[in-house]
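I have placed the structure first, in the form of structure tokens, so that the comments after it can refer back to it.
Letters A, B, C, D, E and F mark the chains as written, and numbering starts fresh at 1 in each.
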Amino acid sequence: MNPEFYDYISEKLFKAGAADVYFSDIIMKKGRPGITLNVICETELADVIKEIIFTESTTLGIRMFRFHKETLSREFKTISTIYGDVTIKHSYLNGKEVSAKPEFDECRKIASEKGIPIKEVYNYMMSLITKFK
Amino acid sequence: MNPEFYDYISEKLFKAGAADVYFSDIIMKKGRPGITLNVICETELADVIKEIIFTESTTLGIRMFRFHKETLSREFKTISTIYGDVTIKHSYLNGKEVSAKPEFDECRKIASEKGIPIKEVYNYMMSLITKFK
Amino acid sequence: MNPEFYDYISEKLFKAGAADVYFSDIIMKKGRPGITLNVICETELADVIKEIIFTESTTLGIRMFRFHKETLSREFKTISTIYGDVTIKHSYLNGKEVSAKPEFDECRKIASEKGIPIKEVYNYMMSLITKFK
Amino acid sequence: MNPEFYDYISEKLFKAGAADVYFSDIIMKKGRPGITLNVICETELADVIKEIIFTESTTLGIRMFRFHKETLSREFKTISTIYGDVTIKHSYLNGKEVSAKPEFDECRKIASEKGIPIKEVYNYMMSLITKFK
Amino acid sequence: MNPEFYDYISEKLFKAGAADVYFSDIIMKKGRPGITLNVICETELADVIKEIIFTESTTLGIRMFRFHKETLSREFKTISTIYGDVTIKHSYLNGKEVSAKPEFDECRKIASEKGIPIKEVYNYMMSLITKFK
Amino acid sequence: MNPEFYDYISEKLFKAGAADVYFSDIIMKKGRPGITLNVICETELADVIKEIIFTESTTLGIRMFRFHKETLSREFKTISTIYGDVTIKHSYLNGKEVSAKPEFDECRKIASEKGIPIKEVYNYMMSLITKFK
């Protein structure tokens, strides 16, 4: 498949409701390098997803199996920073916070607009979150 | 495992009836680079496949799970080209054609015999198929 | 490095004039999975590129070497199609055409707007180009 | 995730009883390079394993599914060699030996202490095993 | 090559003075999965390194080329934390600090001894460093 | 590029005199999965190799650099085995043997004809070689 197709299909699958789309490298029959397209979605979306894959990609077969997915519960809070308000994503396992991090797109925007290295913006946000705790 | 073993085992698994055989790279315990051997086969072939893997490879364990595979229905047709007759593989999803492409081995043979770049032969075949539609 | 940083840095490097930016997977010291950032640029851009990498990424060292790059000469032509005018990129080796393909972004736009599978739009364009020859 | 975390988490998971832990490379949303952490464990360990992953790593979701694992039965025997006693791991499929190899850590120790290339030590052990048969 | 050999050889190369050792996956002749061993060292070490590779691995050929390596200048400072003194690695580009991070092995030790998630220890250290600035 | 093209091109490059041809996975611009084609050849073959790559593949650019390649000197000897004569490839570094292994294609042929697992044939040959020393 033309590599230019990948992000097009990926985007289309996300729009159709896929929970996740990712690619991985394999070595196929006769030693040909190949790429597997992996899509995670709710059971009721399976038919729509399948049709997109068969219609848009060049694959001849799709393998499907069900699995259980466990996700952390999330909460979005806003904190004040020297760059203005920023959204923090908090994640909880059985009610206990196990992770907190700033929304990347907001850090990215700040970095671009202020001309500050992205890692400096990100680390600053992380230090505020850590202090909060 | 000696890398020279891979294509030997792959070939042996296909001969035994495997529907697909492919390899993927992983990072194992203690950061050792590893290769997983993946085989897809009908349930009734599982025992034969398992014996080949255990006997021919150096693996100590095989993980097995069932999944549902959906494949496009296919039809092979022949078209006339300036290089002679060529087989075209048509694929259908619910009766609607979603893909059509020339048999690669026939394109390859033409490219070799006529001294024409493979992509030129392939694109020419694709243009004939597209015109047909 | 936070994976969210990759496309940010990649974009920044392209904006600064990098000819190409790509990533590859490696297994680092102690078996840690790592990613190498590879940048190709003109010699006179090396300092700017180096500063971006050191400032924006978490790397501690950059390896540099010169190489010769040979590229095909290109020409862009426009053809009329049932979907309107489309740009075709022709590539030449010593004056002889070795490749011709439609601009992907234009195909993508047509596919989205008309609701046609991307591979159908692409193959149609390829067949027009091939007929031209 | 900081690459330095990988071997820490891997070690922690093995200590908690995981049967296997490995990593593989993927291409995530927006073309970001990613690493999947794969853990194989008995069903009754799932909760402990899950908590370690959510607490120690930066993942937001874990996918789980059951599979059947077939392993060769093993037996450890000791043989006398010019370097002292060495443990040999014999593997059996339905009572028939399909593999025999020296414990790597013992070969490694001999190679280090005697200043002999590891492959020479290993091949020597393999030749003793093969002669035994 | 037996995957168990990789970390043995890697360790041996680092002991001999290699600046970096890493592995990457390739697809070799006849589609066989392969691993390249990459070693970076000072020119005067080349002969020692080469001998280790040829003696310990199963390779038949080594490719060598010189390149220029640019590294950040580093400074190690100690800060007081609620877990005791911790070393911080500061990196500078043309005299300007572009990165600062805690020594991972010290964080790891604290995490293990106190039973705190590694990412919590690490983020706490990062917040102290950031506050310092 | 159509994955079916890879082994065709690889074969063509070997026929033209390439010393080695291999592929590796990268993540290209916009996160597209890509494959690099790597060819190693003598300087005087560069033009022929370049023309094949530009003509047969879909690449638009080739990067070239010179490097020094060090290879072990080799000698082929024949030994008598219970399966008949087999060729052994001996490799030497500064006159000292550092490796010896049986020709894989001969082992493969024996394994196929006698119905013996490939690793058993291979290990048997290795044990004979080791005894020889």
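As a working rule, a residue touches a chain if its C-beta (ideal position, glycine included) is under 8 Å from a C-beta of that chain, and two chains touch if they have at least 3 such contacts.
Worth saying up front: this structure is predicted, and the values here are computed from it rather than measured.
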Mutual neighbours - chains that touch chain B and chain D alike: A, C, E, F
Farthest-lying chain, centroid of Cα atoms versus that of chain C: D
If chain centres are mean C-alpha positions, then the most distant from chain F is chain A
Going by the touch criterion at the top, tell me which pair is linked by more C-beta contacts: D-F or C-F. C-F
Where among C-D, E-F or A-F does the B-D interface show up again, with more than half of the contact pairs the same? E-F
Determine the centre-to-centre distance between chain A and chain C, using the mean Cα coordinates as centres, and give it in whole Å. 22
Note: chain B sits from chain A at a C-alpha centroid distance in Å of 30
Find the geometric centre of each of chain A and chain E from their Cα atoms only, then give the gap between the two centres in Å, rounded to an integer. 28
Check: chain A positions touching at least 2 other chains come out as 4, 7, 23-25, 27-28, 30-34, 55, 58, 65, 98-99, 117, 119
Considering the complex alone, what residue numbers of chain B touch chain F? 2, 4-5, 8-9, 55-58, 104, 108, 111, 117-119, 122
Applying the document's contact rule, which stretches of chain C touch chain F when the two form their complex? 7, 10, 14, 20-25, 38, 40, 65-72, 74, 91, 93, 98-99, 101
Give the list of chain C residues in touch with chain D in this complex. 3-4, 6-7, 23, 25, 28, 30-35
The answer for chain D against chain F in the complex is residues 25, 27, 30-33, 98-99, 117, 119, 123-124, 126-127, 129-131
Which of the residues in chain A end up touching chain B in this complex? 24-29, 31, 34, 50-51, 54-55, 58, 60-65
